[in-house]
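Before we start, here is the structure in question, set down as structure tokens.
Note that the chains are named A, B, C, D and E in the order they appear, and that numbering of residues resets to 1 at the start of each chain.
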Amino acid sequence: MKKKKMIISQETMDVDFVRKVEALSGTSVRRCFQCGKCSAGCPMATFMEHPPNRVVRLLQLGQWRRIIEGRSIWFCASCETCSTRCPNKVHLASIMDALRKLSWDADGPSKESYVQLANKLFLQNIRTYGRQYELRLATVFNVKSGQFLKDMMLGPKLLSKGKLKMFHSKNKNLSEIEKIFSRIEEMRKKGEAL
Amino acid sequence: MSRIGVFICHCGENISRTVDVERVAREVGQLPGVAFSTDYKYMCSDPGQNLLKKAIQEQKLSHVVVAACSPRMHERTFRKAVEAAGLNPFLCEMANIREHCSWVHEDKEEATVKAVEIVGMMVERVKKNRVLPTITVPVTKRALVIGGGIAGIQAALDIADCGHEVILVEREPSIGGHMAQLSETFPTLDCSQCIMTPKMVDVANHPKIKLYTWSEIERVEGYIGNFQVTIKRKARSVDEDKCTGCGVCMEKCPVRKIPNKFDCNLGMRPAIYVPFPQAVPNTPVIDRENCIKFKTGKCGLCQKVCGPGAVDYEQEDILIVEAVGAIVVATGFDLYTIDEKPKGSLIKGYGEFGHGKIPDVVDGMTFERLASASGPTGGKILRPSDGKEPKQIVFIQCIGSRAREKGISYCSKVCCMYTAKHTMLYHHKVHDGQAYVFFMDARTPGKSYDEFWRRSIEEEEAVYIRGMVSRLYQKGDKIVVMGSDIAVGVQVEIEADMVVLATAIQPQKGADTLAQKLGISYDKYNFYSEAHAKLRPVECATAGIYLAGACQGPKDIPDTVSQASAAAAKVMTLFSKDKLEREPIVARVKEAGCVGCFYCKKVCPYGAVEEKEIRDRQGNLIKVVAYVNPGVCGGCGTCQATCPSKSVELDGYTDEQIVAMIESL
Amino acid sequence: MNSKLNYAYYPGCSLHASAGEYDLSTRELFKELSIGLTEVPDWFCCGATPAHNVDELLSLSLCAKNLELAEQVEGDLAVACAACFSRLKFTQHTLEENATKRKQVEKAIDAPVKLDGKVKHLLEILARDLGLERLAAAVKKPLSGLKVACYYGCLLTRPPDVPNLDCVEAPTIMEDVLKAVGAETVAWTHRMECCGANFTLSRPGVVIQLTNAILDSAKAAGADCVMVGCPLCHGNLDIRQKEIEGVYSTSYNLPVFYITQLVGLACGLTADKLGLGALIVNPMPLLKEKQLL
Amino acid sequence: MTQPIDTSIYAAVTEAIRSEAKRILSEGQVSAIVGYAVARRKGSAQPIVISDAADVSKLIFTPACVNNLSVYLTKAKKEIPKNGKIGIVVKGCDLKALVGLMGESQLKREDLFLIGVPCAGVLGSVLQPDTELTSDTIASKCRECGERLPQGCDFVPSVTLPATPEQEQIYAAEIARLEALTPAERWAYWKEQFSKCIKCYACRQVCPFCFCEQCLCDRNKPQMVETTPRPAGNFAWHVIRAMHLAGRCAGCAECERVCPMDIPLNLLNRKMAKELKELYDYEAGFEVNDKGPLASYDDKDDQSFIK
Amino acid sequence: MHPEKQKHAFEPKIIAFVCTWCTYAGADLAGTSRMQYPSNVRVLKFPCTGRIDPVFILKAFQQGADGVLVSGCHPGDCHYIAGNFHARRRFAAFRKLLEFVGVDLNRLQFSWVSAAEGGKWVEVVTDLTEKVRAMGLMTEFKELALEEQWSGTIDTPELKEAYDQI
């Protein structure tokens, strides 16, 4: 896909999508002049098929599908190095957030599933318990991702050191968190938020 | 016996790295006639020059050889220093052991041996150097400016404002040049004509400026301070003095469909025309090739309708001679075309872009005319083929420029900026259109330039695609643009309605011929060469001739205006003196030996040789000999090489000096 | 400044779980330094990276809710975890600047956004609010001879203008604190490189690669140990250290301390009170060797 | 095979010269006439200047009248009166030298009365002056002469030139022979020839174009050419002389005739003339006041030899 | 690093007569550009090729040059309008003369090298040096200089005796 010839026209450049990205990230993709500094410092660039600069470049051309269909955005560690060093104040980390969000909404055609799964579970945990419970998160992740034994050697040691709690209590104000989740869902349904 | 002082420069390490300077000083010190020999880190520095002066005085030196860089670099410096120490400057010579030795050889032994020989050669030469007196020549305080574009106009106004007469010669019927053709100018987007036409009017009204449009330089003779320039005033067929510029002739002219060069052939004009409404002078010219009167002898309508009776079919080209002291060359540029070029020419066209045969592939200047409110479309962007508004427009930068295989390796400097400007103008005029730019680099060094370029992308929504276009071809009424985006690493294809090429800036046609008339040098592209790329950027190597604008190399308007003012300042510096000192490298006739064959006169390119009668006391003619006018002599020495008896001698390059050098080897 | 310092305390999820020793040592140290610390009642998870990764509005709303909750307690908000710190600060910053988002968040939490309260990382409290002088004065057992590699990671400083903790590319706050308590800090190259915390769960292979580079750099610089201010970094550097040594067939044996543990040690707190026993890479031999225990 | 050459017109020519000389001298058109007269040895001739109409009977024209008299109008003009027009007897070959000298501002046409001589040829050598003119004894230059009837003179005896037999062109043949040799062989040839030179400068003395008052080769500041008759200096002298004559020498061959060491000097001059003809289509001696091939140029001159 | 320079058994002596405006400047440019070329050439600067007298070439050969280079401005570029045009004719004729008297023209090179052609200068000088190096020493003039007037052989005892007495 990524080698496929790009036919550029006003029809093939999805400016609306780019505007959404810009609205969500609060940053302009047009500002980027492709210096490549983001890719130069990105700890994850070697894992990506589109290094960060190219992600922005594709956005500039409205070619978001090429991004979403790859897994680059899911390999972003959110370390913010790119945003920190960008000479044009393109907040690339936020652009990555926005892309993931939009990909998430589109129920991602992405090949990447582990990170999405982990994120999904993380958010579910918050919605259910108000706080994060690492043992539960890890166990469910392993079950759902089919990697039952992943990091199993770490488990007993961590338990013995008191680092994983087998039991946890719920927040007293849990209903409030549920309200936040549902209000956001509501707003999105109404189109009041992206 | 001469007491020669030899000074070997280390030039920091530039010389001493490959030449054993101490050894050179030692060995040269042994040569007969050398009284003093030393080496120093930087001879051209203040302490270096002081060392030289001190040695001349303390050692009572009679001649000096400075072994350092090229004499083209510092001969003047050291001769001045020698003069300050009380010696005639022409008793000092330079031995070039840097450019011709240390920089071009790696082997220290070899380079050292060579350096010793070079210095030895100059030692032998300098022994034969004679005291040469300074020659002064008068300065004619009038300037010639060639070219009436913004460069020529600026230079002419500056010089004239300083109170000196200026002759401004323009080849076209009107001054204004390319700047008059532009729509808006970067980075401020102010209207080009709005800032240009007042200057044109200033030129026309300036009491000190004599304007010759529709005129060309025929011949240039003389030298700094004293040029005689023959100007051909082409027959305009309209009397400039009588014409009021009413324009009735143009309205009545039955020939109406002649493509107007000023509008890049998009608009039409009659056979009697001014190229554009704001032309200066506002006097029409008859295009004799297309005029019915000149083709068939019939018509004559313009003459009949001309109230003041200014139309004159009998006018002929005339030659006029003007005496000037300085010349500013401001002949500007021409745009490269992608057309097929003659076989074997240095510059090649773009077959892959259709050799200029796709009608909606135009150059930047054509786009300027389309965008110009006074242009053929009244400022609407309409494509030439069918007059439709292009909705997808592609701009391609670096056409011709930076393409060695196409014959041009230089960057044309202004295209990045004007393309950015074009995308903005397009965006302002075609709101639902999209501009794309294929580029390799965006080169925007200049005040507010990069910001301007970024604005075209960030605010005016031009899509810049880094990567060169491989091919253009017509497909229906679209032009398929085959490019690539090297940031993404994929091929890109755009079906464009119109393509604008940022074609390279080239010197004006005939720039080489003019250079030959002026005796100035030019590079392989025909850009005129400045005397020194950094330190003398507006002067030619030929004294008294200065450069302004794009004739010297691609330039934008602010750079052009700066250089024009700089050239004007140089002219004014020259005019600040009544007399001019010139290098006394001139030929002298030894009358005793001269038999008056006048071969010298036959070969002299300057016409400096005159015939002189020698008479005895009674007034009887003894013989006729040659005489070289030192003011006119250019100092080439062709006369001496030609003279059978060597009775004419070029000071500074005498046979004695040269033979001494040959014999030293 | 003689008045008693008092803070609202937002420990974050990790400090109630895998980073219990951070929580413990923080509370003990603050007690020792007579700084008041009151945990925000019923705080929520800040959403951390996963939330903003896929749903920024949710992330902002969770943090805004937490900021609202923190208003119940007197004093600036003290945050121990770099990720929580970053998110809370980022939320403040974004909502300050972006009116649209602010409105959306206010709707989501059904309350006006409170941006006045100051959010402070423990480092700031030690280095600036308490001050290095007072901190030095509290030292009972200077950490002389202990060479520490201070690891900032990503979120303490980045992006510019957001946490505003210290210089974004060349911070010194950790080193300043450590020097005040008598330790020696090493200059090293990877103190701000990412450890890949976001992928702890999903892509441990990535984490191992990135963390190894960090440990390698610390070791090469001659550090005896590493100090962190973030439980996520700690998780990677400490908990995974053995695994990394296995993968790369090397030995680092670099104990990874929390800032509060090292400062607490200098202030004379015992190993129990600092939860040193909870560290996976056993710090005892090192501390004994340096005669700090 | 020896072929006789018809010189029967020379008697008539002599008569015509005498009567024209008488007329112009007595009418005062000229103040003197340079011509040929009988010399002491039988059959020989020598230059003479007469200024008295009574002396016209001294004038002759025979196959022994080899000299190029134009040299008497330049540096050997001591005998010539300073005022008035001078008459001069010129063969076609000599006239070319006169044309050259006029072009070089040494003579003015209006100062001269040219008595042209229709010429069937002169002797190659006057060591045996009383020799029949045949295809063997005729001068080499006359074998390739194209100007037997001088053009543009004030007076030319009206006689009909006899047909001359086709003769071997010695210079052209010799040049072709030398050109076919290797550089080393040519070097050897000329080294041999030039080594004979005794620097008597007879060649210079007799040459109408060597009119310089100070010869380059006599100069000592700087010394351009070694003056002693050693091979190196000889070589330089002849090469420089050939170069100085290039484009000027029209081939009177006097240098070669007077050379006591029999150096084929005209060969060098003919070679240069041939090259200049090929390069620039130029032949000396036909037009007054032209700049000559080496004092003019054309933008499109051959430069195939220049990198 | 540069490869070890080859040492040659014979280093020819090359004398270059160049004009100051084009070729001298071109050679300067070669230096400024740090181009490398054989060190055999010695440059004599003239204002113009028009000043270069054929005698100088002869003199250079007599003085021991193994090769001579004459170089100036391209046609039309002469700083003195036409000096190089005159030189072009002069040397076209002179080389024919030298050739005729037996000088191998491979030893005499003419070129146009402009101020912008540092590379061409290097090429011309290098080519000529290598060509002349391959040809070996220019013996002709050197031998000539050593010879006395008598060019025949001293092949009888009488002559030998007479010669010795000189």
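Definition applied: a contact is a pair of C-beta atoms (placed from the backbone, for glycine too) under 8 Å apart; a residue touches a chain by one contact, two chains touch by 3 or more.
Note that this is a predicted model, so its numbers are computed, not measured.
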Interchain contact steps from subunit A to subunit D (minimum; 1 if touching): 2
Shortest walk length in steps over touching chains, subunit C through to subunit E: 3
Most distant chain from subunit D, judged by the mean position of its C-alpha atoms: C
Which of D-E and B-D has more C-beta contact pairs: D-E
Distance between the centres, which are taken as Cα means, of subunit C and subunit B, whole angstrom: 67
Centroid spacing, where centroids are CA-atom means, of subunit A and subunit C in whole angstrom: 23
Chain centre separation in whole Å, for subunit E relative to subunit B (CA means): 34
Cα-centroid distance, subunit A relative to subunit B, in whole angstrom: 60
Where subunit C touches two or more other chains, by residue: none
Where subunit D touches two or more other chains at once, by residue number: 216, 224, 294-296
Interface hub residues of subunit E, defined as touching at least two other chains: 54, 59, 76, 82, 86, 90
Chain-chain contacts as defined at top: A-B, A-C, B-D, B-E, D-E
Subunit D to subunit B touching residues, read off their complex: 104-106, 211-216, 219, 221-224, 244, 291-292, 294-296
Residues of subunit A that touch subunit C when the two form their complex: 23-24, 26, 43-44, 47, 75, 77-81, 83-84, 91, 93-94, 96-98, 100-101, 104, 114-119, 122-123, 125-126, 130-135, 137-138, 141, 145, 150-151, 153-154, 157-158, 161-165, 171-173, 176-177, 179-181, 183-184, 187, 192-194
Residues on subunit E engaged by subunit D in the complex (per definition of touch): 54-55, 58-59, 62, 75-76, 82, 85-86, 88-105, 109-112, 124, 140-141, 144-145, 147-151
Complex interface listing, subunit B residues touching subunit E: 70-73, 96, 98-101, 103-107, 110-111, 113-114, 117-118, 121, 512, 515-516, 519, 521-524, 529, 541-542, 585, 603, 605-606, 634-638, 640-642, 650, 652-653, 655, 658-659, 661-663, 665
Contacting residues of subunit A [partner subunit B, same complex]: 2-10, 13, 28, 30-31, 33-34, 53-54, 57-58, 60-61, 63, 66
